[in-house]
Structure formats: C-alpha cells, structure tokens
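Next up: some structures, all given as structure tokens.
In the two complexes that follow, chain A is the common piece, with chain B as its partner first and chain C second.
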Partner chain A sequence: MNGLRIACMLYAANVRARMQYRFNFLLFTLFASVVTVAEFMTLAVVLHLFGSIQGWSIWEIGYLYGVLMTAKYVYRAFASGVNNFEPYLVNGLLDQLLLRPMPLLMAVITSRTRMVGGELLQSLAVLILCIVRLWRDGRVDGWIVPETALAVLSGAVIMFSVGVATAAAGFWITRVDDLSVFTDNAATTACQYPLSLYPDWLRTFLFAVVPYGFINYVPAMYAVRGAWGIWAIGVTPAVAAAALAASLALWRRGVAKYQSAGT
Partner chain B sequence: MKMVEADGLEKSFLVPVPAKGRFRNLRGLFVRPARKVQAVKSLHFSIERGEFVGYIGPNGAGKSTTIKMLCGILHPTRGTVRVDGLSPQKQRQQVMRKIGVVFGQRTQLWWDLPLKDSFDILAAMYRLDRTHKRRQLDRLDEVLKLREFWDMPVRKLSLGQRMRGDLAAALLHDPELLVLDEPTIGLDVVAKRQIRDHLKELNGRFGKTVLLTTHDMDDIEQLCRRVMVINRGELLFDGSIDRLRERIGLPTVIRVSYRSEVRLPDDLPARRLPFELIERGPREVAVGCNRSETSAMDVLRVVGEWGEVDDVRMEEPAFEDVVHRVY
Partner chain C sequence: MLAWVLARGMFESRLQYSASHAVRTAASVIFGLIYASIWKGIGEQHALGAYGQAGMTAYIAFNQVILWISFTRRGLGLEERVRTGQIALDLARPTGLFAFAAWQEAGFILYNALFTSAPLYLVYALLLGLPVQRDPLVWLWTVTALAASAFASVCIAYLIGVAALWTVESRWLDLFNYTLNFLLSGFLIPIEWMPGPLRTVAEWSPYPLFQSIPAQLYLGKAGPERLLQSLFWCVLLALLAAAATRIVKRKVEVQGG
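Up next is the complex of A and B:
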C-alpha cells in the first residue's frame, strides 16, 4: 500500500509540475481531445459510406474502436513514461531513476504523467454509445458490462507489456521511438477494424507478435458477435498475463545492459 | 565491515567503429564493427567508515563509470563491488537506502516544483515518518541553510542553492555513505567554499563516509585525507596527499633576488650543483630542488656566492601540478 501511496504522490507531482506552464497545459489538453474526435469522425465517415464491412455494422466496429481506445488511454494514463522511453536512454535520465529506492520500472512509470482525461472520456463515450445501440437491438445483454471491463483492463495490460518490451529493446538499440511507432501506433490503428479483413500474415502478427488482436477482436467475437465460445473472454487476460511476464523478463535482462550516458 | 569494497572491478563497453571506404554509411546500416573499450580495468580498493576520499583523474579516466557501478546504475563486466556488504546490482533498493548520491551535472530534484516538495516526496520514498523527517531537515538546514529558498521552484534557484538542495536531498534519509560526482562544478568561489565547509562538517560532525570526484584540486586539497588517482581505467595511486606529493617529487622552486647584478661562476655547467637552474634574470635566479634530498640552506649557501642576496621566496609545488605528473 505504501508503494501505491508513493505512486499517487509522484503522479500528483507530475501534474502539478505540468500545470506550472498553464498555457502549454491547456493547449495540449485541447489539442489532444480534438485529435481523438477527428480520428473517430474519419472512421464513422468510412463506415457510413459502406454501411457495413464484411457483415460488421457501424456499432460493432465502434465497439472495437471503443474497447481499444479506452484500453490505450488507461495505459497511457498510468505509464506514459514507458511509451516515451527513448529520452530516458539518450539523456541518461534513467541514472536518476535508478537512484530511487523503488523498482526501476515503477520509477519510470511514475516519472511522467500524461493528462488523458479528455481522450479517455471520448473513448468511453464511443464505447458506451455503441453498447447502448447494440443492447437496444438485442444483440447484447447485461453481461456485456463486466465482459467489456475485463477486456479493457486486460487490454491495457497487453499494451503496457508491449510498451515495456519495446522500451527494453532500447537497452540494446538505444533509439526506440520508431520501433514504438511500429509496435504501438501501427498495431493500434490496424486493430480498429475487424481482423478478419486482413491477410493471414498480418492477422498472425497481431495475434502472435504484437497481440493487440486479443484486446478487442477476440472478446468481441464472443460478447458482441456470438461467433466464438465463452473461452474468447478468458483468453484475453491469459494473454495479458503471459505478455506481462515475458516483457518483465526482457526488461530485467535489458537493465543489466544499460550503458548510461556520458557526463 | 568495510563501507565500500571493490574487487577486480571491470567494465567494458562496445563502441562502434566508423567504417572506412566507399558506401560506408550504407554498409554501416548492416554491419557495424565495434571495438571493446575497457572503461575500468580490474580495480581493487576499499574505503573504511568515516573516511573522506578524493577520486580523481582526467576526463574519460573511468571515474564516473566506477561511481555508477557503485550506485548500481551500471553492471560490472567482471568483478564485484560491495557497499556495506551488499551488492548494488542485486540489492539496489537496499543499497540506495544506505547511500546518498549527488551528480553535479544533473539534479535529483523536481525541477518545476518548490524545493521543499522534493523533500516531501523523497521522505515518503524513504519511508521517513513526520518527526524523523522534521529532525533531519532541521539538522540539514543548520548546515545548508535551506529555509531561505525552499519555497522557490528548483528551476529558479541559483546553481549554488540548487547544489545545497541536491546535497540535502541526498542526505535526507541519513545515508552512511555520500557519493559526490563533481559537486562543485560550475560554482563560483563563494559557493564552492560554502559547499566545502558543509562537506567538512558532514564528515567531521556526523561521521559520514564521503567519496568525492572532482576536477577542482582545491576540493581535494582541503577536504580529502586520502586520494585515489585513476587514469585509463587503472588505479595509479592510492594514499595520502602528502605521500602523493612525495612520490612525484616535484621540485620546490626557490627564487632569489639580488641587490646587484648576478655573477654566475664561469665554470657553472661543470660544477655539480645540488639543484637545477630554472630561470636566470639580470638580478634574479630561480632554482628548483627536491627538498627531500637537498635542504634550503644548502641551496642558499651556493647561490649566496653569486651576489648580495636581497630576498628569498620559496614556492611549494601546487597540488594541481602534482596530479598532472601522475597522469
């Protein structure tokens, strides 16, 4: 519990530090929310033109989008340091964090806080809107709520694990910004649509290499489409646990390789 | 138990070698030959409790690498280092509770927040309760005079104030060992003196063990009883400052001025003088001698024959020159 208290204290300190620069703070918050709105509008326009894609209705695809984006912003809210790891390696910022009497990963996570309130609210709004529509059409029932919550939380853990693995790669290759565009941003964009649209190699990639497919597509195949069995709900947390364990192991090996930066 | 113990400590890095010839940049993308650079080679040393040790060497000698291994930031390629019997690599968090670290070129403090917020956060991190924290801050304030500026955001502090803040941050959890990497870098004379006084007091009054790296020889001369000199990753000297001076045997310079023109004997080169003639002016000479071999009186007896002596000045070797000799 003490760890949690310190984490909260550190997050609060980050936010207070950000708020020292009021103009930048407000501008960033505003800008970030506009981007998310614009992104979903594009998706909505595409879907409106086609009506449905391979049997997926606009609300079903909206559900995929909502789960994915909510998971993403939950992850970003608590671990944006992992997602922007390059400066820690390049500027030797990690030295400072290694001096703290806490696990290094914990120190990295709590060293940076991104204000995601606006984006998180929008993602949730999309998600809730789609669930309500699907419910009214009789496609889902009350179970959708715990099922979705489980998918979102496991999804955040999967994204966190991929982020940690990408960051850990930096202990060998130093520059990881571009790698993270590939493992995080590209994979996220791909998973906004049903994976059945994609060729086999890409689907395999999104299941086996960067397992973002498990965040929304797999649970939705049971919870919304009813095409797969109930196992599809359980497999997401299992993948999350495995991914987390693997990425933490990689992280530990990477830390021993850390070269620091000259002074 | 020894405070710090390094046993065969080694660290090497792989440094990419720039390729030569045509298309080197393109080829560099695929094959990059790397060279192994040994930053630290087989170091052996130990530091007792309560010692004040200066660790010096030119840039790139391996000072920071050693310090970073001692703090658990880097993992040694070979050998071990122990802090109070613990491994900084395997038991980093426990070691961090025993040592306080200041990197002069970086800060541990929260840049955008008032200085005292940093102390609040650190106190929570080190699990100090309110009374303990208060007592520590009172003690530190006595020496470092923090209260004058601790409501200001760290980014607005002067370099000297920030360094006092950083020292306090490193000492808040009452560590037994203080590791300082160039704590006086960039400070003006007054601030340097203040920091030195604080360090002296911390070591003398509170019995803290201190390991200090610096390029400022005055730091070493005024603070450290023991010096370790490192160059190209190897320990060249480990002992007291006086012994270092002796070992190098830099000459004491004696300047003699005369009331009239100097009359040097014609057969000077042929005579076996117990000193060396360094400079020669119309009414002044400077000679150098090793005082462990020749006494000043012997020198004066000889130079006294060269004219009517007006004044004699002696210049002891500056510590900085001593150290340059070692490098």
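Up next is the complex of A and C:
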C-alpha cells in the first residue's frame, strides 16, 4: 500500500513537472488532439467516399475506432514509459530506477507521464457519437454501455501487456522502438478496420501474436453486429488476463538478464 | 568533401543497428499489406475510378515504398542540440547550420532508400504486383520528384528543429507535421478523391510533393509538368530555411548548467 502511495505521488509529480513548461504543455495537448482528429479524418474520408466497407457501416467502423483508440489513450495515460522504453535502456536511465524502493515496472510507469486529455476526449467523442447513432437505428440497446466499458478497460490491459512484452524484449535486443512500430502502430492501424478485410495470416497475427483483434473486433461482433454469441464479450477480459500474466513473466525474465548499456 | 563526410558518417552510424532496421522494414511491409488489404476489400464492392483495384494497390504500395525517402529524424535532431547547448557550437562552425544538418540527413535518407525503400519495392513487386517501369523517362521524372521530396522534407524538419530555440520542445510540431503529411500527401487516398475543402487545402499545401506527385509520375498518371509544383515548394522552403538560420544566429541562448 505504501508502494502504491509513493507511486501515486511520483505520478502526480510527473504531471506537475510536465506542466512547468506551460507553453509546451498547452501546445502539445492542443496539437496532439488535432493529430488524432486528422488521423480520424483519413478514416472518415474513406468511409465518406464509399459509405460502407464489406457490409460494415460508417457508425460500426466508427465504433471499432472509438473502442480501440479510447483503450489506447487510457493505456498511454498511465504507462507512457512502457510505450517509450528504448531511451531507458540506451541512455542508462533504467539504472537510476533500479535504485528506487519499488518494483521496477512501477518505477518505469511512474517515471514518465503523457498528458492525453485531448486525444482521449476525441476518441470518446467518436465512440459516444457512434453508439448514440447505432442506438437510434435500433442496432444496439442499453447493454452496449457496460459491454463497451468492459471492452475498453480490457483493451487497455491488452495494450499494456503488449507494451510490457515489447519493452521486455529490449533486455535482449536493446533497441525496441522499431519493434514497437510492429507490435503497436501496425496492429492499431489494422484494427481500425474490420478484420474480415485481411488475409488469414494477418488475422491470425492480430488474434494470436498481438491480440488487438480482441479489443474491438471481437466484442463488436456481438455488441454491434449480433453475429457472434455473448462469449465474445467475455473472451476479451480473459485474453487481457492471459496477456498480462505472460508479459509480466517475460518482464521478470528480462529484468533478471539486464545489463546496463548506458553511458 | 565535407558534405560527403557528414552524409557518410550518418549512413555508417545507421548501419550499426541493422537488426532493429530489419524489424522496421518488416513492419513497413506489413503496413503496406494492411493498406492494400483495406483497398482490396473496398474494391470488391465499389469501383475505384481511374485506378481500378490493381491500380489502387500499386498506388498504395508505391506510396509505402517512397514514404522512407521523405522520412527524416525529428527536427533533424536539432531539438536535442538546443536542449544540451550543442547548438551554440553548431552555429559557430564554418559550415552553415542548415548545410550541416541537411548533409547529415542526406546520409540518413540514403540509408532509408537503400535498406528500406529498395527492399519494399522488391517485396511489393513480387507480392502485390507493383509494376516495374521500364521507361527511363518515367524513372527520371520519378527520381527527380523523390529528390525534391527529400529536400523539402529536410527543409520542413529543419524549420521544426530550430523552433526549439523558442519553445524548448518541438516534438508537438513534428507530430503535427507528420499528421498533416499523412492526411494531405495523398498517402492513403488519392488527392483527387478528397472532398472539396480538404482537396483544396491539400493542393495548396506542400504535402503532395512527398507522395502524390512521385506516385502519379511513376504510375503514369501525371506528366513531368507536375515537377514545377515540387520545384516551387523546394525554392520557397529553402528560402524559409535560410531566413530561419539568420534569425537563429541572433536568437540562440545556451541552456543547461
């Protein structure tokens, strides 16, 4: 409990530190929001041009986007250090964190904070707009709210787990930014669209290797499309738990192997 | 000679991380396949205008190949030099700051062209049927457009980098530039398909230089007159970079302690 209190204090100190450069803080928050809006505009332009993709309407694809990106920004809000782990290994910053009286992963999480208010607001706005529209069209009922909340929270855990596993790989290969492009950026880009678009090998990758497909596509197949059974809602938290356990095990093995590479 | 030394130094430093870059190239292959799959899925139900399904796949694949030609380091690494105070020494060198940063970046871009773009070209020619052009003129126009694209991207990155002298950090500006590039360059959607206002903004911006113009020249959907647009932006951005260097020399404050 004491460790958790210290972690919260460190996290709050990080937030205050980020806010010391007010101009930067405001501009970064503003531009980060604009970036996510612009990213969504690319998807929106495609949907505007073609109306639907393989039977998925604009609102259904918007729902996929909203769940995925909300989960992503919840994860980034609390574990930005995990997502940007390479400098800790390359610059030797991890050595300092090893001296802190708390689990190393907690020390990494609390050492860096990314303010994601704008991005979170934008992805939530898309999500809510799509849910309201689907509700008005009679495609979903009140259950969509808890089902979506469960998908978002489980999704954040899945993303965190993939982030931890990617970071842990750095204990062997040091440079993990490019691996992160593979495990995070590519998977996120792919999952903004229905997975039925992709060839089998890519779908397998998104279910079995980087299980982002469980964040939005699987829950949506029940909650929005009504094509699969209710198991599709329960499977996402189960995958999240399994992914978390596996990534923490890999992290522990990696830490035991760690040799400082810094200067 | 100095230019060659700077470019070669950066090129050789990139060679040190070959395993990491192999992963990046693999990730880039996957990105291209993802985008191609999306357009294949769309093309199954909708006509894709003058491109057709095969043409659109080629457009997406070629854009993914050339993405790395206009891909620079964040602010040419100048933000970090501002933060550490190194920028003061850089400005004192007999070589201008822009030339110093730009020639280093040339090594970075050359590395990307050889070790990322070239493998992607071969993979997509085999997997996605990206046409291999045999007309030397097409190659001449395309390579010219790519050279302009690389130069313009270095100028923009330089302007972003020197902005750190006023704002300490400039990564938000880099993020913004990256996103505008993704949206307005025609990377994922041909500019002529964009809705009215967005299309106008894209056409009046420098971003088509990076993807749309080289891709259309390569695929035979535009003639060499499109290079005038590239030339105009290269001259304008070079003038802006030169002006920024003059201002920076008077502005520089060494930080740290």
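For the reader, a short list of remarks on this structure follows.
The definition used in the following text is that the second predicted complex is superposed on the first by the 256 of 263 C-alpha atoms of A that agree within 3 Å, B and C clash if a C-alpha of one lies under 4 Å from a C-alpha of the other, contacts with A are read in each partner's own complex, and residues count from 1 in each chain.
Note that a residue touches a chain if its C-beta (ideal position, glycine included) is under 8 Å from a C-beta of that chain, and two chains touch if they have at least 3 such contacts.
Since this is a predicted model, take the numbers as computed values, not measurements.
In the superposition on chain A, A:Ala227 makes contact with neither chain B nor chain C.
In the superposed model, A:Ala246 lies in contact with neither chain B nor chain C. When the shared chain is aligned, no partner comes close enough to touch A:Val145: not chain B, not chain C.
By the touch criterion defined above, A:Arg5 lies against chain B but remains apart from chain C after alignment on the C-alpha atoms of chain A.
In the superposition on chain A, contact is made by A:Pro101 with chain B only, not with chain C. Counted by residues of chain A touched, the larger count belongs to C, out of chain B and chain C.
The intersection of chain A residues touching chain B with those touching chain C, taken from the two complexes, comprises 21.
Contact residues on chain A toward chain C in their complex (touch as defined above): 21, 23-24, 27-28, 30-32, 34-35, 38-39, 41-42, 45-46, 48-50, 52-54, 173, 175, 177-179, 181-182, 185-186, 189-190, 193-194, 196-199, 202.
In the complex of the two chains, the chain A residues touching chain B come out as 2, 5-6, 9-10, 13, 16-18, 20-21, 92, 94-96, 98-103, 256-260, 262-263.
Every residue of chain B that touches chain A in the complex is listed here, in rising order: 13, 64, 68, 71-75, 89, 92-93, 96-97, 101, 103, 105-106, 108, 110-113, 117, 120-121, 124-127, 153, 181-182. Chain contact summary for the complex, chain C toward chain A: residues 17, 19-21, 23-24, 26-27, 30-31, 33-34, 37-38, 40-42, 44-46, 167-169, 171-173, 175-176, 178-180, 182-183, 188-189, 193-195, 198.
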